[in-house]
Amino acid sequence: MNAPALNEQRVTDADPVASAQQQVMAAGQFAAARGWVPATSGNFSARVDADRIVVTRSGADKGALTPADLAVVNLREPLPPGLSAEAPLHVARYLADASIGAIFHVHSPAAALASRRNARHGVLTLEGWELQKAFAGVTSHLAVLNVPVFANSQDTVALAAEVEARLQNQADLAPGYLLAGHGLYAWGRTGRETLRHLEAFDVLLQLQLEWERNPL
Amino acid sequence: MNAPALNEQRVTDADPVASAQQQVMAAGQFAAARGWVPATSGNFSARVDADRIVVTRSGADKGALTPADLAVVNLREPLPPGLSAEAPLHVARYLADASIGAIFHVHSPAAALASRRNARHGVLTLEGWELQKAFAGVTSHLAVLNVPVFANSQDTVALAAEVEARLQNQADLAPGYLLAGHGLYAWGRTGRETLRHLEAFDVLLQLQLEWERNPL
Amino acid sequence: MNAPALNEQRVTDADPVASAQQQVMAAGQFAAARGWVPATSGNFSARVDADRIVVTRSGADKGALTPADLAVVNLREPLPPGLSAEAPLHVARYLADASIGAIFHVHSPAAALASRRNARHGVLTLEGWELQKAFAGVTSHLAVLNVPVFANSQDTVALAAEVEARLQNQADLAPGYLLAGHGLYAWGRTGRETLRHLEAFDVLLQLQLEWERNPL
Amino acid sequence: MNAPALNEQRVTDADPVASAQQQVMAAGQFAAARGWVPATSGNFSARVDADRIVVTRSGADKGALTPADLAVVNLREPLPPGLSAEAPLHVARYLADASIGAIFHVHSPAAALASRRNARHGVLTLEGWELQKAFAGVTSHLAVLNVPVFANSQDTVALAAEVEARLQNQADLAPGYLLAGHGLYAWGRTGRETLRHLEAFDVLLQLQLEWERNPL
């Protein structure tokens, strides 16, 4: 809006750590305003470069993140203490797919419920909704999108291995997966694209839940 | 609020393109605040004069539109590149009805769901709700309003022809139609009237969905 | 916030018309922010003195009322043109009960739906909810509150007579009634109390609808 | 934001009464913004020291509390007049558990409904939701949390005795209990922790209600 703000922007553009921090802080505010990260839940990350990400520390209020709530983590080194317990799920995704620029994980009510309802199938299938076109690369409502659903686990290292093994062996997936009774992981090439994917998932999961409640 | 703002207003009043732009930008903010255009979905237009409209380009965040996100289009010339893929649906409506001053298209959850549930009937019927009187020309809750529902399609030129063929042959319709699993198109003589129609449709579709969920 | 605002307040305190206008404008903002007056629906009034009320004119956006949107009406004289078509329902209540200081009418989705569902009984019964104690004079959740439900009508003069005939013959009623598929009328001794009643009704009607959807 | 605000903060840090007042006022705003204290319902308290609490007076709008709306109460002396009728439920909890720093009571629709639906069981059981980990000391979604549900009563002294008798005899409970058709009491070691518990309860009760509406 004024000169200092412009200056901050210039600094950011030149500093990939600060840019990743800003993507994470903006995503936290966006998610908190929509009720997707209740009670300090959720965790958010963005890629700094080929080797590093920025990721939220444990317990922070995601609607009011500051750089002090974020850690810079090397993807190929042991994780430092104090991170979210789910950091291994982030790291594994970045290592598996170099095109991913940001990963946002939310506990929205729709994600907690739709995941648990579909856990026995191991998949939630989206089909026939125009809004599916909000996902990068999807060009028709006729696309069938299979969102993997995994049983929830507190052993996130083992869970990350299970998730990646399955994602490697499937094509044409939506840019996200569900943990049963827990929430949604979504990703994209940039923070902005990942937010668009989160927003589309949230509405699509609500539509799916309504459809299951009252099928034709 | 201050002199520059007043000056902008004066320019607007004198300039039909700027006036149409402002109607579209205001409608985008209104719809975004209500969750009707998730994940950059939706598209909005307003008439400039007998031959021209302003319409949103593809991919813009509808809650933060600027004039750069809007194109001026001649209704009787080929469409320029970069528009929303649904621009033909707007153009066909303006050409068919000279009284239409604005057309707003939203992907509200209620519209996506109610349209898909009623697709097999090709129509969603509203009857008995006082709020129907929010539609221009409707004077009683006893009016029976038939909102056409079309199968969704990515071929919007063919879809526009199908829509207009049906609308030409019916009278006493509500000022809008639904695309199944997709959303709502609504129109009015002005941007303000079209917003009032959008707001009424959104509540009426929610009421209709609740009624279908739990009929007496 | 500053001197002019304080001055306005002083004028208001001394002027019963301005005080009634402010109660109505505040109520309109409160209701609009909660989605209770979609598409310019609803109407609001407040008593000036034994003979006069302030009431909304037809068609105004209830979330942005100004004194120009409000008329001063004498309760014992013919109604002037330009008022809401429902002004007779307001006038009849003020004439019937001198303790009423404000009447607010909303089209909240819960009111439109709960009224229509219970129209065949002519009454919606609230019982067992602690929030019932928000109504003036109710001291226990065990109170049984019978909210009258009337068939909707565009003949508001005849409807007002029907409403008042029934209200005269019943005691222990909640401070409001429903019009089927239309909305809620609520009253209180002051604008503030009437807003409290509106807010309690809205939640109680939602609870009642949920209970009907999924009875034990 | 500026010098006076910083000064107020310093005063607060030095004054346990002012600190408790600020926790209560912040909680009231938080709850009001989420629709949990409709129509002036709800009541809030925070511990000053081993012997004293701050608690809301009767009838105040919880979203706009000032110090004048709060009373300082000695836990071991008779209650002064003008308090919320539910003050005995607060006092009994503080006396029973010295680790409790704040108790917030809300009338959220989810709490009113879920409590009434589960009143016949005397308990609402939460199991399998990741968000349960928002409660202090809960480390897995596999924990089974039994939230006591009590019949509602206007005799809050007798009700407090019933509540405490039951809580003394049970372990591994969630940090809260429900009153049927009424609402939720939740506590924590600090105001901040209690708000986190409230937020988690609200989502968990919504999830539970949805699950009961549409079981697999």
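Just so it is clear, A, B, C and D label the chains in written order, and each chain counts residues from 1 on its own.
We take it that contacts are C-beta pairs under 8 Å (C-beta built on N, C-alpha and C of every residue); 3 or more make two chains touch, one makes a residue touch a chain.
Since we're looking at a predicted model, the values are computed, not measured.
With steps allowed only between chains in touch, the distance from chain B over to chain D comes to 2. Counting every residue number used by either copy at the chain A-chain D contact, under half are found in both chains.
In this assembly, the C-alpha centroid of chain A lies 32 Å from the C-alpha centroid of chain B. Centre-to-centre separation between chain A and chain C, using Cα means, comes to 45 Å.
For chain D, residues touching at least two other chains, in rising order: 213. Note for the complex: chain D touches chain C at residues 35, 38-41, 107, 109, 112-113, 116-117, 120, 152, 154, 179-183, 209, 212-213.
By the touch criterion stated above, chain D contacts chain A in their complex at residues 128-131, 134, 139-141, 196-197, 199-200, 202-203, 206-207, 210-211, 213-214, 216.
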